[in-house]
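The first chain written gets the first letter, and so on, giving A, B, C, D, E and F; residue counts start at 1 in each chain.
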């Protein structure tokens, strides 16, 4: 398994691929083939296979579903809320995905540092205002917050998506900070340099 | 399905049992038979079956596993962190479970209001200090926090359990506040009055 | 004097009834005859008879006076602000009174945990918004806060009552946390179970 | 009654002396004769005679009692905690008293702005640390806080005094901010200029 | 050089006038001749001559320039934001200047303690709201904040002045707290007592 | 002058080079020749030439001086405190400088997101703890903070440097957020890709 030797990925034991249950291993091999490397969140959480399975089932239910939010929208919510939660792993790894999906090499840093000053259309600003409120002050969410989303064309189902992504990655941010989960070096540069066209 | 008619359970649509996928319905029927009623978290989250499945798989992985924490310890972590997050549903519902598992009719209110003044042995105080730090300031968790847990006999695996429960219910608290999830009236009284012995 | 032997009522000395000045003792005997037990705040504060006298004179001036607020309204202010101040004694003891006066076994837990999600008519929501602002950010109170109360039918005298109760119990919460004042076990269950009609 | 005409003393009605109950009026006349003017807190609170009586009874019980704290110590606690609570009236009025009792024209401004940088002996620094914790985070007070006071020679009774003064003026600060209570112009200069010796 | 012997001006070395570069010394002598004493900020920062030069060049660019803000307005911004930052030196020293420029012996204490309750016309209230937002939550400044200033007659250039003064003294407050910079005793009384007319 | 046409650099007017005073223009031309582009902070602040001069004189006094801190140390302090202040411009622009001076393509993102989880030797961790305390809670700085720096080999003069850089960029962060200063696109990628050796 590809792994940096000098810096620990996690403060907890990190299993070897061959020690893992077949379904967990299969999932990891699949992502490795697609991405070219194994994102550290997979091997960190594989320390607990049952939690691994639930975590990624939840992740897929929120991030791969159809709906009013694009893939870039979803990753943008992750980056903004992970920035608010000071989560090293999620800002770096999902920042890479956001740059790629949004085809914008600047947007992830902007959103992570201060989404209020980022290059955002009003619809996305409203989306992130709701997400950040769920992340930091969910106890104060009220109908007026949903009404503001509707002004920007978001349905109630979209609102659930926004809030649930903020809530799920709030958990993920806490797990990553608790385990000192280290983002792979590969993420830092992904999506920053335009790729030459194939062919 | 048993449901209070006058107060909404959730601000989102609540599905009827017969509309649900069989596995989701089966899980709900099972809990209904065991508890005598359907906790509202089940029908609220059933609005999104994939998320329902992942949520309860994660819940079970954390709350039903073996390990150094008792069932009462686990519910105590839920109540303390849900109190810190001002989550109506989780304090009331898991407060009931904590009273029952701990056979202590006072402990849930104490822990939810101010765990520092609750009737706790030092081991549990340390457990909740770690849980609350993950809930509120996970970005500041460091090795000294693990060391303090070890002084009270907790292993690193116990620490993962404590932190992961705090993180998972941090997500649950945000979902409940976002959906205005209403705890069932039944929970408020559970575990407060000693039951007469059967026979 | 009735007192739990195993858990201290206060971290300060708790006087015996017979040691107290006659007026202080008389007040305690009176409440004992009415309630069936002596609420611990009486014996905790009796350690300082002059402060005891002033405290209860102030309490009575605010809680027993006539005006636009019902007894349940007043106790609801106490419970909401004591929840915001994490005060074990006041949430439990005044939660019992709120359940009884409001004839609602659920309301105290709701208001203590997150009053924004409680079963409240808009008038009471406005009342608690004002009370919580006095409790947590009194330096920012301005005329707009009074205007909002007036929209819900509260007079300026009602506003004084709301704010003064929040301020007085802000003191009480700090005294209770400072002395580790323990609520009597009796309070936890009061008002939760409907009493059978007499006769 | 002496009163500035152009700036309201309180946003609530301010009674005339001759309208007041005799005991309330007597107290006010007494302070007027002693101070040379009527501090505005008296006429503001006289709007509610029962609360006036309880407030000043409590005030006297805490501020005039014998014990390990000097008068200057007590006023210093008021000034530091009122600064933390952004209370205009109490910082200005009690700042005057502190300057006079401590015979130090600089100390009140220092303590109100940032007591950590004030000219304080370690005993007083510890006293104010405890007072500020009661004012801002009473829910976190624990035995270690009392132990630190003992290192500086404070008894448990002194600790009660310190905390009770912080709690009482926490109430007073909230009442003053709620009523927009205006400090008398006279207070600003009191104790700043050395008085020539009589004779 | 005039200096109190018993209390240090700064926790860092304080140079003697004769050790300083001629331009730094000239600036200090100039202020001494004008004020009658050397404000301690000059000798504290003279420990670093290059920083001294840049600091006072910046100070003069902001505080001595022409524009829509009066000298009293500028000092009022300093006092309000320095109060919010708990800065002993700046509240005391610039409080003196504010009293003098505004010919108002009460205003500095009012603004430092709680500007919301100070004797302010609405224009100045809006000015301080903007300044305090730059001091405490600059990351949330948006066009609506500028719009509110315009309602009170402030231009965009005035807005820059307000915000830049808040930002510059935010730096000064941090330097003063870091060095434990002590305000000169002379400042405390300046502007409090009306001066008799000359002649 | 090179400038992105579609996104404003600043919400205030941005002068053309030829309109600027010669010394200001010379400084800008100098940095343009060295960097290959004009960092937007130069043209944003050039709107106010006097402030421009003082700002960069202060910047140079702190960032170019000799002493115990390396250039990378100084930029690291800027990035960590600008991250804490949510400053878009300073995190992006000084992040580029930090990557270059430290020859580490990962360090700037790590430090900006959560310096506690960054790849830091203990000396640098202590340096940033001090800097962050000056940035966020300077009023609580005390001798113990200096003592901790000394344990890691920092002199008092180094401490001044650390704190003064944190204070100066606290001003810069506020100016950048106030003006919505936009970082140049060029900064985002600088120092991320190893340069091929020349020759």
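In the analysis below, a residue touches a chain if its C-beta (ideal position, glycine included) is under 8 Å from a C-beta of that chain, and two chains touch if they have at least 3 such contacts.
Model, not experiment: these values are computed from the prediction.
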| item | value |
| --- | --- |
| Given subunit D and subunit F, the chains that contact each of them | B, E |
| Interchain contact steps from subunit C to subunit F (minimum; 1 if touching) | 2 |
| Comparison of C-E and C-D (more C-beta pairs in contact) | C-D |
| Centroid distance [mean C-alpha coordinates] between subunit B and subunit A, Å | 25 |
| Interchain centroid distance [CA atoms averaged], subunit A/subunit F, Å | 28 |
| Where subunit B and subunit E are represented by their mean Cα positions, the distance between them in whole Å | 52 |
| Per-residue multi-chain contacts in subunit E, two or more chains | 86-87, 114, 117, 139, 177 |
| Complete list of chain pairs which touch one another | A-B, A-C, A-E, A-F, B-C, B-D, B-F, C-D, C-E, D-E, D-F, E-F |
| Complex interface listing, subunit A residues touching subunit C | 139-140, 142 |
| List of subunit F residues in touch with subunit A within their complex | 7, 83, 86-88, 91-92, 105-106, 109-110, 112-114, 117-119, 177, 180, 185, 188-189, 192-193 |
| Of subunit D, residues touching subunit F in the complex | 114, 116-117 |
| Interfacial residue positions of subunit F with respect to subunit E in the complex | 11-12, 47-48, 50-51, 53-55, 57-58, 60-62, 65, 85-87, 134-135, 138-139, 141, 143, 146, 156, 160, 163-164, 166-168, 170-175, 177-179 |
